[in-house]
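To keep things clear, I will list the structure first and then write my remarks on it.
Lettered A, B, C and D in written order, each chain numbered from 1.
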Amino acid sequence: MFIAVVGGGQCSRDEAKLAEAVGTQLAKRGVTLICGGLGGVMAAACKGARAANGRTVGILPGNSREEANPYVDIPVVTGMGEARNVIVVNSAQAVIAIGGQYGTLSEIACALRNKIPVIGLNTWSLSKNGRLVKSIISANTPREAVEKALAAAEGKTKAGEKE
Amino acid sequence: MFIAVVGGGQCSRDEAKLAEAVGTQLAKRGVTLICGGLGGVMAAACKGARAANGRTVGILPGNSREEANPYVDIPVVTGMGEARNVIVVNSAQAVIAIGGQYGTLSEIACALRNKIPVIGLNTWSLSKNGRLVKSIISANTPREAVEKALAAAEGKTKAGEKE
Amino acid sequence: MFIAVVGGGQCSRDEAKLAEAVGTQLAKRGVTLICGGLGGVMAAACKGARAANGRTVGILPGNSREEANPYVDIPVVTGMGEARNVIVVNSAQAVIAIGGQYGTLSEIACALRNKIPVIGLNTWSLSKNGRLVKSIISANTPREAVEKALAAAEGKTKAGEKE
Amino acid sequence: MFIAVVGGGQCSRDEAKLAEAVGTQLAKRGVTLICGGLGGVMAAACKGARAANGRTVGILPGNSREEANPYVDIPVVTGMGEARNVIVVNSAQAVIAIGGQYGTLSEIACALRNKIPVIGLNTWSLSKNGRLVKSIISANTPREAVEKALAAAEGKTKAGEKE
């Protein structure tokens, strides 16, 4: 199972705590963590995953593996700038969004467009023509976020199998 | 001046009318229209621009220029799928979003991330932790959208010149 | 008709002369010139095209339209680094390669892979297991290169129409 | 250490044998194998690596992890078509090219452009203006290819450390 954690390259201490706990929970379930490979939420999630012996993939925007945070196991060097956001979400079976700025919003949008489930922890909410669009699955704790992500990813896989 | 029009590849009749009028207004101001080159809002905007002798660029997701709508002057064949959305907005000095689904939301997010002004006509609105984020400039008519886009693009250029 | 001119971002005076003449010939035939938008062969070709009132498209690797050479009409801002080479060749109906280093070689290879004809002026030649692979159409003058490119592009289009 | 194996998506039985042996040798040295994730040389190399308990990363061109060959451990879903070739080579510290068509040639060219060492087994050779360009390091056996790739990757790393 592959789950992406997306969020700001800079983040608050609270967001980092959430991300680290999410990383640890994912690793305990045997999930490979996909992320953008840089700092902030990405580094915190990778740190948490590695602390529980999890595997971490960092899809980097620049041209050097050196830009990866120290908890990235497998750096993928895209050289494609923000277009790498598309790869982060497409490589995941579910996405957990933590806080985040516009880069995170673009990842949420890409995931929803491709019918990849998105679980949100203190992140964006969306409305259109004044009505709330409830496409982001809300979670209140890291554990809940991971459980919902696993359930959604499995549901999607099973739905796919039926087709 | 280069301005992008983004919106669904399929759209309502009302959205198509808005897009066509936006395309015409842009062409009358001598602006080159950038878009994703396919149908719906993109085709309507290109149609409006060409009717006023404007120039249209279509940044296509697939591998063939044949997929461009018939009003695209200059097809750019990326073969990069949705990652081409990043190119559409990065190539523009302002973005006008009309209606739209998640692909449009990802384009709005990319533009805002890169400090490219976004003008919205009946499109998404964003909030974070329960508070509305007023980053999309709202417009009520095609003419107003184009005027606000031109003003924002010029303001950005002047701000850039000062730096 | 859309034809790409590829070659080094830095080039010899002789290569620049060839590129400028190719640009002028393309413009006189009403062809839109596609290139990577930077200096060297790209700038020389654009300069030649603009001198004959031709249209020039620059598919830029970085994040700013400011990096385009001054003869680019329509800058496309990809932010994707070298991956933009794929877009340059895919957007063309034939490719003219002038001199060039490894970046040019990658563009030649991409074009040949996608069955886009390549005309070479003082550029790479290829062999495999000791045998020359004659896939690059050789030309000795700018005029010959443009004529061969037009003929090849039209042949390809006609072949495509038959299918 | 990360080393890429590139070659045709379809290949001869001899090329498949070479690729499988290269994959096994890489795994025995503890190297993570990077490839394009599809069939032919890519599948054979992954098969060899997995047989020796190695780790394999497949950088896929399409939109689905299902297109990965069964020996890919970590599928990266780019959705970017051939532009993914740039990611394959940029993510590697050395590249081993086996046989191959124009897609492989574009990967060789990208690697050389970015000063990533390329080791060739029965692959392309390059000349410019009639002179052979000896930039591809030739190898005669899978073991020799892997040894040369490791030496070149380490040399590059050490050279980088000195800077």
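Convention: contacts are C-beta pairs under 8 Å (C-beta built on N, C-alpha and C of every residue); 3 or more make two chains touch, one makes a residue touch a chain.
All values reported here derive from a predicted model rather than from experimental measurement.
Relative to subunit D, the most remote chain by averaged C-alpha coordinates is B.
The centroid of the Cα atoms in subunit C and the matching centroid in subunit D are 28 Å apart.
Taking each chain's centre as the mean of its C-alpha atoms, subunit A lies 40 Å from subunit C. Counting partner chains per residue, subunit B has residues 63, 79-83, 86, 114 touching two or more of them. Chain contacts in this assembly form a complete graph, since each chain touches every other chain.
Only residues 63, 79-83 of subunit B touch subunit D when the two sit together in their complex.
Subunit A meets subunit D in the complex at residues 2, 32, 55, 57, 59, 63, 65, 74-80, 83, 86-87, 90-91, 114. For subunit C in complex with subunit D, the residues that touch the partner chain are 80-83, 86-87, 101-103, 105-106, 108-110, 112-114, 122-130, 135.
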